[in-house]
Amino acid sequence: MLLKRLREEVLDANLELVRSGVVVFTFGNVSGISREEGLVAIKPSGVPYDELTAEEIVVTDLDGRVVETNLRPSSDLPTHIELYKAFPTIGGVAHTHSEYGTAWAQAQVPIPCFGTTHADYFHGPVPVTPNLSAEEIAGEYEKATGEVIVRTFRDLDPAAIPAVLVAGHAPFAWGADAAEAVHNAVIVEYIARMATHTLAVNPEAQPLARALHDKHFFRKHGAGAYYGQPKG
Amino acid sequence: MLLKRLREEVLDANLELVRSGVVVFTFGNVSGISREEGLVAIKPSGVPYDELTAEEIVVTDLDGRVVETNLRPSSDLPTHIELYKAFPTIGGVAHTHSEYGTAWAQAQVPIPCFGTTHADYFHGPVPVTPNLSAEEIAGEYEKATGEVIVRTFRDLDPAAIPAVLVAGHAPFAWGADAAEAVHNAVIVEYIARMATHTLAVNPEAQPLARALHDKHFFRKHGAGAYYGQPKG
Amino acid sequence: MLLKRLREEVLDANLELVRSGVVVFTFGNVSGISREEGLVAIKPSGVPYDELTAEEIVVTDLDGRVVETNLRPSSDLPTHIELYKAFPTIGGVAHTHSEYGTAWAQAQVPIPCFGTTHADYFHGPVPVTPNLSAEEIAGEYEKATGEVIVRTFRDLDPAAIPAVLVAGHAPFAWGADAAEAVHNAVIVEYIARMATHTLAVNPEAQPLARALHDKHFFRKHGAGAYYGQPKG
Amino acid sequence: MLLKRLREEVLDANLELVRSGVVVFTFGNVSGISREEGLVAIKPSGVPYDELTAEEIVVTDLDGRVVETNLRPSSDLPTHIELYKAFPTIGGVAHTHSEYGTAWAQAQVPIPCFGTTHADYFHGPVPVTPNLSAEEIAGEYEKATGEVIVRTFRDLDPAAIPAVLVAGHAPFAWGADAAEAVHNAVIVEYIARMATHTLAVNPEAQPLARALHDKHFFRKHGAGAYYGQPKG
């Protein structure tokens, strides 16, 4: 079996997505990439999670051609591929229709950074893409979804803002590998829930001051980080 | 035992309804139909789900006459029968008082298609019936409930919009069989939750553009579908 | 052990209250009455539910004097006793601080009958008591809580409206026995949740038409009931 | 192993925090203090809860110097230490990013006492700290967080109001020991949920009358308490 370890990581990440309560039925998919081999491993389309095996994880090249297994890859594969091509530092992508994250995507409102939980993970609001044009929808729709995400990040660093809300659709999150992509997808849901309640309590709530936002982000990320245990 | 397989499907579908978290106590019921024999299998009235057996599933004809078992059928049977008579393509009906779906029925507001999750299942908003008249309520109430649903679909395709909100009451969903009816009932609840949160975040949220709505619906339904694994 | 069966019913009802998710920690209590003996069985005060035994259920007379066991009864006992004295048809009382039911009590807004789920159980809105006066609070507070509930029902039938919201406090529910009181307490929470969401979707939502309200209530209650299986 | 019993209490309290559903991932931490020895036991930073052992609980002195174990303490340790220094009656501190409690902290609105559940635990609203200045954030941030909490309590009794919302951050709660601190952290989340729903139902909802607030608080606290079983 090709890329055994990557497939297993992708399988585990897909199952973790379910355990975290951010998918219902077969909504959602996770992929991982082997940069050396230029191959992507992704959940097959429409297969129930409780039956999924590592053998069924579909491996494709960066043109979306299936390299192994007879199953169709998730129909969102072309979106994942656009992200891997444009964001060279990422190793995994997770897509969910999680309840509150999707609501913000549907509302077409970026999630403001209302607090330090958000700032620990995102160095700015979680952005919303523009809407796709009728031509993009009629053409290679899933590829166009990837392209509009990439355009949304023209002036943003995907490593500092590891998720996006696709307008009228749902969140995509990413990370160093498939597991971190899932972790970030769960965080998007959690901060979306808290942001919704924040507005319910105070419709005039203001984003966190820049100094505190920076403090929390850099407490966990980059050279000056001091959160968690030292690595290595 | 008559219609053993249909009864078991209907039993499983009723239990799946409970596992999915869309019913409390004995609220809710699922039926299935054998079109060849013109017989309907439905949950008995007021029996707790955890004690339900296939033998207790009530079988009736399309006039609502019990053919087997001594239990009373769900009091909503006449509603199910009207749907089977008017919608020849459906094979199962599920009724719940699920928390958010019921709230939209109580609010008497159709669920707008705010996103692709909705568009994957419903080719338009989930409609609300008009209110019943005092005469309809005083007469054969449950039959009138079925009739008002059928009137609501006069210009709608029940295969493309597999659920309805009965005004001041709760959702009814349907599908090719009892299991699909339950699946659609769970989807109604999920999109109702997300639509509620969407309005909380942005009271001016707009429905999905028609092109994207069509794209998602026809990605999963009809001749051009490419979601999931090929059938057969 | 005195009143063994009643104690066991009251124990089971208290544990069912916890399983139903309507209490946290030790908030909440259930009692039952033996009308023949004029004795009430109630949860002891502040004892964790997971350690509770039938022996620890406290038995008191209708003056609140403990007849057996050394434990203090729930501090809400005098409220329960007032209800038993004023409402001769009831056999059980349940008190919770359930999340949404308590929110309506805190909001001091009666729960309108927005739909048939409500109408199946309550023949009218779930009422809110007036606030207690400073004198009532300083005096026999828990007895005064019972008295204000009884005053609220001066023109209402406690059998047709088996619950109340005590202003600024939380719901009390009752029924033919302790188990039914718990059932009604869970229903209050469920309709409070749905009513909250109904208002979120449509702040102008209107109560159910009287004819439909009556239809649903009398479908399940009284001489013309036809819901559930025939009794006996 | 130094302070074996305190470590075990702190371990149990951290695990209880997770079981209570008020933390996700590694967000949140609990500490306990030995006043005699002037030592604090606290969760290590960024270690998953399901792998945590009593040996890994970090013991430090009141200057934050690690006395035993090689793991880094929670990065919030300096906040806990400020609270122990300023509030001599407390023996445990719990910090969460619980969903609704954090939303109120983000909304920067004190939680009003809308009902008796709140009054049973807090003799007044749950306060919000002022925002930290850019200098405080750039300096010893976690220590400054403790200092701003202490300033917020200049005219408040930490024993009568055992929690605070740090503006734009999240709740801190405390108690006689680590277990009581966790209990109070769970209560903060519960009253924050109910207060959110209360405002949803009635945006003009009013705080509880002072007499009833006092009644409930003193029913459970101080010399005249009569809730629960007599101690000793």
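For clarity, chains are labelled A, B, C and D in written order, and residue numbers in each chain start from 1.
Going forward, a residue touches a chain if its C-beta (ideal position, glycine included) is under 8 Å from a C-beta of that chain, and two chains touch if they have at least 3 such contacts.
Treat the numbers as computed from the prediction; the structure is a model and nothing was measured.
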item: Third chains touching both subunit B and subunit A; value: none
item: Interface numbering overlap (same over half, different under half) for subunit C and subunit D; value: different
item: Fitting subunit B to subunit C on CA atoms, where both chains share a sequence, rotation angle to nearest 5 degrees; value: 90
item: Distance between chain centroids, defined by C-alpha means - subunit A, subunit D (Å); value: 33
item: Length of the line joining the C-alpha centres of subunit A and subunit C, rounded to whole Å; value: 46
item: Multi-partner residues of subunit C (each touching 2 or more other chains); value: 195, 199-200
item: Subunit B partner contacts - residues on subunit A that touch it in the complex; value: 24-25, 27, 44-47, 71-72, 75, 97, 99-100, 102-109, 131-132, 134, 137-138, 141, 168-170, 195-196, 199-200
item: Subunit A partner contacts - residues on subunit B that touch it in the complex; value: 114-117, 183, 186-187, 190, 193-195, 197-202, 205-206, 208-209, 211-212, 215, 219, 226-230
